[in-house]
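What follows is a set of structures to go through.
Next, two complexes with chain A in common: one pairs it with chain B, the other with chain C.
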Partner chain A sequence: MYRYDEFDHAFVTSRVAQFRDQVARRLAGDLTEDQFKPLRLQNGLYLQLHAYMLRIAIPYGVLSSRQLRQLAMIARTWDRGFGHFTTRQNIQLNWTKLEDAPAMLAALAEVEMHCIQTSGNCIRNTTADPYAGVAPDEIEDPRVWAEVIRQWSSIHPEFLFLPRKFKIALTGAAEDRAAIAFHDIGLRMVKGRGDNAGQIGFQVFVGGGQGRTPYVALLLNDFLPREHLLSFLEAAMRVYNLHGRRDNIYKARIKILVNALGADEFRRQVMAEWAKIEKPSIDLPAEEYQRIAKYFAPLQLATLPNDDAAVAKRRASDAGFARWLRNNVMAHKVAGYRIVNISFKEPGKVPGDASSAQMEAVAALAEQYGHDEIRVTYQQNLVLPTVALKDVVAVYDALVENGLATGNTELITDIIACPGLDYCSLANARAIPVAQAIALRFANPAVVDDIGPLRLNISGCINACGHHHSGNIGILGVDKKGTEHYQITLGGSPKDDAEIGGILGPSFPAEEVPDAIETIVGVYKAGRTSASETFLAAYRRMGAKPFKEALYGAPKPAAQRIPEGV
Partner chain B sequence: MAKPFSPQVVTANRLRVGDVVYLSADDAWVHDIARAIVARDAQQLAALEAQAERAVASQLVVGVYAIDVDENGGAAKPLSVKEHIRASGGPTI
Partner chain C sequence: MARRSPPLNVFPRECEMTKLWKNGGFAADVFVAVDDATPLPVATPVIVTLKRWREARAEVLALAVPVGLAADVTAALDPASDELGRLALIVIPFQKFTDGRGYSLARRLRDEFGFRGEIRATGEVLIDQLPLMLRCGFDSFVISHGPTLRALAAGQTSQVPEVYQTAAYGRARTTLRFATRPKLAAAE
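Here is the complex of A and B:
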């Protein structure tokens, strides 16, 4: 992984010192809250429902064991001994004290971490495929470019005060595991065709996002030679910075601009801006690319057999292990190795919450069996990207001891949930208890396996931090005359077939949501053509009608309908 | 006709720690909403808010605002779900 150079160290250390001074001045009364608030937000410190919340950046979701241990220590020393992994591949601590924040930032800096640009109208943490560098379907490791973007976008003088926040995601693989279609800019590494044959470049998508106005990103550039990534991004950002709306926070994201102008006009403006840019002054020199790429050089892995007798024996004798192996352990690009997904979605637990002890357990596993590498997924889980197949049983046993061996990756209980009204001052409704109730309803792993792949996402408000728009089943918490209600959407997808879910009908009170989900699943199971037809495929074939009828009853004949307005 | 005044209390977060507090007697800020001073008319509320602003100016609290409460049965209780969760001192999970 990337290691800070002298500039990085000096910069982060100086920011800690600045913030320590700013906090002292605030506590002494030399700064008002109006003066201080933007400063604390620039250091990731929010004031939430019950306390301050510290949002810590995890660049493209990549952590070392040392860093994860330090996060555990920080959570235990200054917070309440747990953290919450987010859909931005970051981690949040929910019980930070202002007076402790400078010490926490200093502890983060010791392990090359910080909270800079985790808030504000700037380019936020770039997210990436959590299987980067190890996926069999990968064209090129996107972490190198994610790091390039991190360096380019960090304190970029032109882009620290954009019309609104800006999120970039990228993947280097055939399968989109980074939800690039739901980002302000989504990047996919592709092999060139025709005149570009033999080259690797980027497909660039723009204007995706969730929130109150969800859009699937539009194609901006079908093939961008990779060496021009930064100048092209600079051009796109300049067009947005110039024309993005600053008069209305709800219309300030780039998706609004792109869809107001249309993809063709937005593209024309970006290409015109790009033509004006002196590219060598911005694009990364080849030698600098090579320098950064060395940090992400493939591991030198000894060749190992691609089957293991101990694993086969355990699989045959232990249904829990067999399920976990089938659902959480994925193919690795090197024979004899596997990608291990660690679920933080045990039914009944808070999705994405990790105790300090669990963080330390994963750090130890990464050290012992995982080449010191950990990834955070936007689904709020962790990944050990490189584990020898022969070590998989030992990893599983350790995960069982720590309550982390639930075999439910991308199944109905692998629920994405935002903090909701239990923590967040923006929320209208609680998300976590609803997620817990649904997961407990589907706690039987055999039932979950039978349902098959199904993304269920919950947000506690229209800001959609829980990605409800892209859930195969999405749940949105709303305030209905002072009570929490939940609107259900079906048919969303965050992947290559990205789609925004459609609202099924009137909302439900919290206690009725698990029944509603069970009804929806029942319609799917009754209607699927075979066990291999996924929920999403079946929904797309069947349409919303049978699901609506099951939940709300068949529509009344026209003669029985009450005229509108009566 | 003017809307009848709803009983309200003044809440904030303590600056140093961030915990939820309510304005109580003797300029104290307390965790228990039942101990908060209830404003029963606009004049009382304005006086409480002025008192709270002094606490802001002296770096005691931040993010001051008033919330509607229900006094039926004695002690003040928040009306909204959000304020009920805030008053409970932590998440409901």
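Here is the complex of A and C:
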């Protein structure tokens, strides 16, 4: 993974000093709260319902054991002994005291971590495929470019006061595991065709996002030679910074500009800007690319046999292990190795919450069996990207001890949920208890396995932090006359076939949500052509009608069930 | 009526104190800003609106004094038809410090239009944003915020000295990004 050099260290140290000075000036009254707030946000300090939240950047979701141990220590020393992995591959501490923040930042700097630009109207932490560098379907490792973007965007003087926040995601693989279609800019590494044959470049998508006006990103550039990435990003950002709306916070994201102008006109403006930009002064010098790329050189792994007698034996005798192996352990690009997904979605637990002890357990496993590497997924889980197949049994046993061996990756109980009303001042409704209730309803692993791949996402309000729009089943908390209600959408997808889910009908009170989900799943199971037809495929074939009828009754107009409407 | 720049004063509370900061220190402002209703002054550097610059350019140039333009972040400047090369100064307003359009406008002027005159920030110019403005190509600042004036007078800045991006430091373009990083012998 990338290692800071003296320059990066000096940068982060200077930034901590700058923020300490800004806090002091705020306390002395030289900065008003309005003047201080954007500075505070750009250092990851967010004011929530009960306390400050510190959002720590995990660049493109990559952690070392040492970093994860330090996060555990910070959570134990200055917070309540747990952290929350987020859908942007970051970690949040929800009970931070303002006066502790500088010490926490200094502890992070010790392990090459920071909170820079995890909040505020600037370019946020860049996210990437959690299987980067190890996935069999990869064209090129996107972490190199994610690190380039991290450096380029850090205190970029032109782009710290954008109309609104800006999120970039990258993938280098055939399968999109980074939800690039739901980002302000999504980048996919591709092999050039025709005139570009033999080159690697980026397909650039723009204007995706969730929130109250969800959009799937549009294609901006079909092939951008990779060496021009920074100048092209700079051109696109400049057009957005100059023309994005600033009169209405809800219309300030780039998606609104792109869709108001149309993809063609937006593309024309970006291309015109890019043509005028002095590319050589902005694009990454080749030596610098090589310097960064060296840190991501593939591990030198001795190839091992692709089957293992001990694993086979355990699989035959232990159904829990067999299930975990099937659902959480994925193929690695090197024979004899596996990608191990660690679920933080044990039914009944808070999705994405990790105790300090659990973080330390994963750090130890990564050290002993995982080449010291850990990844965070946007589904709020962790990954050990490189584990020898022969070690998989030992890893499993250690995970069982720490309550981390749930075998439910990408299944119905692998729920993404935002903090909701338990923490968030913008919430209409709680998200965490609803996630817990649904997961407990589907606590029988055999039932979950039979349902198959199903992404269920929950947000506590229309800001859509929990990605409900892109869930195969999406649940949105709404406020109906002062009570928490939940609206259900079906058919969303965060992957290559990205789509925004459609609203099924009137909302339900919290206690009826698990029943409603069970009904929906029942319609799917009764209607699927075979066990291999996924929920999403079946929904797309069957349409919303049978689901609506099952939930709201066929002849009865939907509005009668909950007369006051939504 | 002629008045001193800036035309825009967003800090009425502290309006008694407005100073021009350039080249690392406070300096006298030789320019006089005039609105469209005011006759052009004689024998003094003048700042005019874009409207006047477009509609009465010959009259302005006939003054034979350095001319400044009060830019508008929403109006597109055309380097050719707007004859930016004949301007000594372009003034970019920051109505609010959170409105970042001025940064992109300055970079356009420097990097795309090759403007080499003075670029001046007015409005809500604060100590924490001043280093960013410098790096985007601004080289003078009209400041009325008390704490910012005090900090500058005391020689304090709020800057992270290490920078990753290419940027214009005032008028001198420097390629700072990555170039400031000490070369590593070999990646460990």
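Following the convention adopted for this analysis, the second predicted complex is superposed on the first by the 538 of 566 C-alpha atoms of A that agree within 3 Å, B and C clash if a C-alpha of one lies under 4 Å from a C-alpha of the other, contacts with A are read in each partner's own complex, and residues count from 1 in each chain.
Criterion: a contact is a pair of C-beta atoms (placed from the backbone, for glycine too) under 8 Å apart; a residue touches a chain by one contact, two chains touch by 3 or more.
Values in this document were obtained by computation on a predicted structure and should not be read as measured data.
Participant: Overlaying the two complexes on chain A, which is it for chain B and chain C: clash or fit?
Facilitator: After superposition on chain A, chain B vs chain C: fit, no clash.
Participant: Quick one: is A:433 in contact with chain B, with chain C, with both, or with neither? Answer first, second, both or neither.
Facilitator: A:433: touches chain B, not chain C.
Participant: Once the shared chain is lined up, is A:7 touching chain B (first), chain C (second), both, or neither of them?
Facilitator: Once the two structures are laid over each other on A, A:7 reaches chain C alone.
Participant: Answer with first, second, both or neither: which of chain B and chain C does A:246 touch in the superposed model?
Facilitator: Only chain C is touched by A:246; chain B is not.
Participant: By the touch definition at the top of the document, which applies to A:286: first (chain B), second (chain C), both, or neither?
Facilitator: Once the two structures are laid over each other on A, A:286 reaches no partner at all.
Participant: So, A:238: does it touch chain B (first), chain C (second), both, or neither?
Facilitator: A:238: touches chain C, not chain B.
Participant: Report for A:302: first if it touches chain B alone, second if chain C alone, otherwise both or neither.
Facilitator: After superposing on A, A:302 lies clear of both chain B and chain C.
Participant: Let me test your reading of the model: by the given contact rule, A:277 touches which partner, first (chain B), second (chain C), both or neither?
Facilitator: The answer is second: A:277 touches chain C but not chain B.
Participant: Taking the superposition on A as described, I'd like to know which of chain B and chain C A:121 touches: first, second, both or neither.
Facilitator: The second partner, chain C, only.
Participant: Name the chain, either chain B or chain C, that contacts more residues of chain A.
Facilitator: C
Participant: Chain B to chain C: minimum CA distance in the overlay, Å?
Facilitator: 18
Participant: Spell out the residues on chain A that touch chain C in their complex, using ranges where they run on.
Facilitator: 3, 5-7, 10-11, 14-15, 18, 21-22, 25, 30-31, 35, 38-39, 121, 151-152, 154-163, 238, 241-242, 246, 273, 276-278, 281-282, 284-285, 288, 291, 294-295
Participant: Considering the complex alone, what residue numbers of chain B touch chain A?
Facilitator: Spelled out, the residues of chain B in touch with chain A are 13, 15-20, 56-59, 62-63, 79-82, 85-86, 89-93.
Participant: If we count contacts the way the header does, which residues on chain C are in touch with chain A in the complex?
Facilitator: Those residues of chain C that touch chain A are 73, 97-101, 103-105, 107-108, 111-112, 126, 128-129, 131-133, 135-136, 147, 151, 158-167, 173, 175, 177-178, 180-182, 184, 187-188.
Participant: In the complex of these two chains, what residues of chain A are touching chain B?
Facilitator: Touching chain B from chain A are residues 26-29, 33, 47, 49-52, 96-99, 350, 421-423, 427, 429-430, 432-433, 436, 479, 482-484.
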